[in-house]
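Right after this note come the structures.
Heads up, the next two complexes both have subunit A, just with different partners, subunit B and then subunit C.
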Partner chain A sequence: MILSFTLRVTLAAVFIFLLAPVIVVIITSFNGGPIFTFPPTHFTTRWFALIKPSFIDATYVSLIVASGTAVLSVVFGVPAALGLSRGQFFGRDALGAIFLSPLMIPALVTGVALYQATFVLWDMAHLQIGGTIPGLIIAHLTFGIPFVVRTVLAGDARFEHAIEEAALNLGATPLQSFWRVTAPILRPSIISGAIFAFVMSLDDVPIALFMGGGHATTLPVRIFTTVEFDFGGDVMAVASAIVGVSVVAMMLLDRLIGLGELFGAKQ
Partner chain B sequence: MSFSIAGTKPLARDVAHGNSWQLLLLPTAILLGVIFVIPIGDLIQLSFHTMSGPGQVDSRLTVGNYQTFITDTFLLEILLRTCAMGLLVVVCCLIVGFPVAYYLARTESRWRGMALFLVISPLLVSAIVRNIGWYPLLSESGLVNSLLLKLGVVGSPLQLINNFTGVVVGLVHALLPFMILTLTTVIQRIERDLEEAAANLGAGPLRVFCHVLLPLSLPGVVSGSLLVFTMAISAYTTPAILGGNRVLVMATYIGQQFRTVLDYPAGATAAALLLVFAVLLTALASRVRTRGTDLA
Partner chain C sequence: MSEVIFENVEKSYADQLVVRGVNMTIRQGEFLTLLGPSGCGKTTCLRMIAGFVTPSQGRIIMAGRDITNLPPYRRNTGMVFQSYALFPHKTVAENIAFGLEVRRIPRAERAAKVAEALRLVRLESFADRYPTQLSGGQRQRVALARAVVIKPDVLLLDEPLAALDLKLREELQIEIRRVQSSLDITTLFVTHDQSEALSMSDRVAVMQDGRIVQIDSPDIVYERPRTRYVANFVGRTNLIKIAVRARQNDTYRVETCSGPVKAFDVIANADSAMNIGDRCLLGTRPEHFHVGGGHTNSCEATVRAVTYFGSIRHVEAEGPAGEHFTIVARAGDPIPARGETIVVSWRPEACFLLPE
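The block that comes next holds the complex of A and B.
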């Protein structure tokens, strides 16, 4: 059929479009000629040898910040989600909306707002938050906590509360019932919320650009500022390495949890 | 939570459903209040001041910044360029995304899972990496230009990056998955019989699309468009990188005011406007979504 042929060609074109920039990053990182010229002229691995130590340092910063964000998002997000889903009080919906609102507001706006707040804090208490790793983690909690709240709220909505009551009626203390019943059932939601917080923290530019700097520069921000002034093959090599690591991480996640599960929890 | 009542049966019910749960909210509410609500409030407050020197803020209150935004042609142009960019990205995503969404909604092929994975795969790769990948494709000696030159379509290389075109290409690429997923959900809910009935009654594929498929998928088209528009005007990384610091839209203007011009009140005004737009559009999108499901 003509229609199905047209549809097939369109699909192929769209998939090529979607994959093109990522594949090009990998190919270009081995391009011995001018890096903006495509197709490449000859093969080289020298760009990988030219990766500056500052990119390695930035990778460590990114990993520390993302881990801190994921852990603290769970610590603050899980109780908040349980409070929201089980508490009965005036203004619960409004409070829930506020808890999720950071996901609605452009990250850039959050970034500049926090940037201004660091000045205020410095003026008031001579406290230096901007340009520090704790500062970056605090900044990333603004979206990390809402991610965990959202996934745990969704998980708790599907949860049969009678099981908890059964545990309590059988003589479990509330704490035992939480650790033995509630926590294991909510674990998939908590894990996917934590993974989202981790990944979003690794990916973020606008917030880390304004809150970071100096020794607290994350990898995406380092790439961003390098691209602005000195875009060379070493940046392509870094980007290519990121793609490689992401693919491996995705395969591992798919094995361990299942990507479908992860995305199901996001919706 | 009070643990003193543990074990007593009548009260166990109260622990599961009762009022002590909301105490769990307190630490997080305080934290988000301090690290999010207060800074955003402070930023909005800042937009009612003016600059008294680079990085300095005058203490008097004024609505002048907002007045300037609707009278100054330079700022109006930024506002219009932002809307034009958002609309163009939406239209491109709709045109490119609809066929893919239709396929995903209707196919029973064993390749469906693979196709779905390909659609979301750009979301799984770092935004900054995707942006960088456009350079070897769209630069003067890049793939697109060398193909166009070889085929004789153009005589000299086109400027496709570090300008408005580059930004739109990058945003369509980044936001297309969201459009496709939204449309797929809606098309799946349309009865396949309706299309077949129309076709049996003699309607060609184009008429089936215009008179059956499109009207019935309208809630999805509208909510997908609102989502993509909001994300397009909110994005900072893509316009900054693919615009090569030359494309001024709301986001890049805000970045510039805070990073180089150091006119914080002007940047705060634009940021407050962007925030209001984003919140209004998101609220509108969720209205459309709930009405859409009511109809279905």
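The block that comes next holds the complex of A and C.
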């Protein structure tokens, strides 16, 4: 009884600690008084009307970049993970470590390195990838692919290989076996990797700051620069809109797939 | 015709030979069992028919076609795995339909065949369940239905009962045999369980170190084992060291080599080629040893232990030259006490000769 009481209090404290800032942002976005006054003086929705079109454009860029990153991370990450987990070749473990290493490098360092790489590419091949959406997606693949590789490696470790043999035995070609058996069984791992890649791409500032330039400004970079030079209630409105969309997205995912299954909490 | 023929098949990994010169024919409609301890190459042989292992040498012919180098999906085999290997994301009916789908069987025909297969393994009411909702025995019956629904040239059973408990195992032995004979499918069964091999098979091939050492019907394998290895792997055998003294056709007169000299008569099978003077082993099954005299061959033994098994007792005894004897005593037989010296006797036709 005492234990369960202590547990509840601790749990409540953790939730308050995690959620309080978010709730303050939401409340502030409806505050009619001067920015940063708390508690709010009176209710208003005018900050939402004042959101500049540049934020909407930046949202589109962010969504395109995040979707592209998620899809391409799956396209490259799944075969890479399957090769790493099933292949028998020299240097497999080293290659695995290299595949996961971008997750351990600070994003700022990756950003600077990629920034430099864009100049080298321009000098050598007149390829303009800096400041473009494809360039930004390529940059985000540096962490998107490792996320997918990691979740698929974990999923494949539990995969029973006799199941694929059963498919081949029943007459499925290796390709049919992959699409009808392997991919559906690994689907939760693939989807959770893709969601990680999507969310991290949406969240990224340091790399987008270097790679986005003036033409491919993502929402976080837009917010970041606005906070620096032109802080107002509209930023709060943008922030609270993002929170709203995230909550709806999470609820939808939970309904459709189940978050527990998706993130390996239950099996 | 869907015979499977092994022609001098060998398989080596790195420098280790796991299958050595195997020649055998699995006849049309036959239930053939590969029996042996783990690591004897029996599973490798089965996987070579399925196409998951390529022989290093030799040929495998199935239904008149050389399949040695065909990929698994171009052979028409149905395999049942020890771990069931059901598709976890598909229902029972979808699992069974899989092989028909990839063969592009039209939907209506597919549904009819799946229903028939479900009826065959008595799982009609489980069609829409997922594998995780089934018991081990039910899963293995789904696996069996999935393997036979495609009308394979050969049914391959890779220790399908090893993961089940005894009672279920016995039930499924009967089930598998019933399905196999009603469909008349050529079948290769792999097991390390000798009682399973004896009760289910038309013929048993006993394997040792990658070789088939004897391939015969179960009663011949048990009653006339060809080597000491077979005699000890399939059931128990009481062995006495002897030398051949006289021979007349199938009837041998033999004498013990060590301890006090005793003479025995043996009626061996015609092809056991022992000559006068040869040293060999006299083998007798525990159930053919009788406590007390009354049969042609007899010797003395000292009782070391008596173990009760319900319907029978095992009397463990030490022979005149220190041999270890096991004697089966049935209800009504005299039960000797520990330390007692008894006479053991047996009939000449109930024993066999083995090379040393």
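Everything that follows uses one rule, which is that the second predicted complex is superposed on the first by the 250 of 267 C-alpha atoms of A that agree within 3 Å, B and C clash if a C-alpha of one lies under 4 Å from a C-alpha of the other, contacts with A are read in each partner's own complex, and residues count from 1 in each chain.
FYI, a contact is a pair of C-beta atoms (placed from the backbone, for glycine too) under 8 Å apart; a residue touches a chain by one contact, two chains touch by 3 or more.
Quick caveat, the model's predicted, so the values are computed rather than measured.
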Exercise. Looking at the overlay, what does A:Ala70 touch: subunit B (first), subunit C (second), both, or neither?
Worked result: neither
Exercise. Does the superposition put A:Ile191 against subunit B (first), subunit C (second), both, or neither?
Worked result: neither
Exercise. Of the partners subunit B and subunit C, which touch A:Met200 in the superposed model: first, second, both, neither?
Worked result: neither
Exercise. Does the superposition put A:Ala154 against subunit B (first), subunit C (second), both, or neither?
Worked result: neither
For this session: Scan A:Gly171 for contacts with subunit B and subunit C and give back first, second, both or neither.
Result: both
For this session: Look at A:Val181 in the shared chain and tell me whether it touches subunit B only, subunit C only, both, or neither; answer first, second, both or neither.
Result: second
Exercise. Counting only touches as set out at the top, which of subunit B and subunit C does A:Thr110 meet: first, second, both, neither?
Worked result: first
For this session: Considering only touches as defined above, state whether A:Phe89 meets subunit B (first), subunit C (second), both or neither.
Result: first
Problem set entry | subunit A residues touched by each partner, larger count belonging to subunit B or subunit C | B
Exercise. On subunit A, what residues does subunit B touch that subunit C touches as well?
Worked result: 165, 168-169, 171, 173-174
Exercise. In the complex of these two chains, what residues of subunit C are touching subunit A?
Worked result: 50-52, 71-73, 76-79, 81, 83, 85-89, 98-99, 102-103, 146-147, 150
Exercise. Subunit A touches which residues of subunit B in the complex?
Worked result: 1, 3, 6-7, 9, 12-13, 15-19, 21-25, 27-29, 31-32, 35-40, 42-43, 46, 96-97, 99-100, 102-103, 115, 117-122, 124-137, 139-143, 146, 173, 176-177, 205, 234-237, 240-241, 245, 251, 254-255, 258, 264, 267-268, 271-272, 274-275, 278-279, 282
For this session: Going by the contact rule at the top, pick out the subunit A residues touching subunit B in the complex.
Result: 3, 7, 10-11, 14-15, 17-25, 27-28, 31, 34-39, 76-77, 79-80, 82-84, 86-89, 92, 95, 98-99, 101-102, 104-117, 120, 138-139, 141-142, 145, 149, 161, 164-165, 168-169, 171, 173-175, 202-203, 205-206, 209-210, 220, 223-224, 227-228, 231, 235-236, 239, 242-243, 246, 250, 259, 263
For this session: Within their complex, state which residues of subunit A touch subunit C.
Result: 160, 162-163, 165-174, 176, 180-181, 184-185
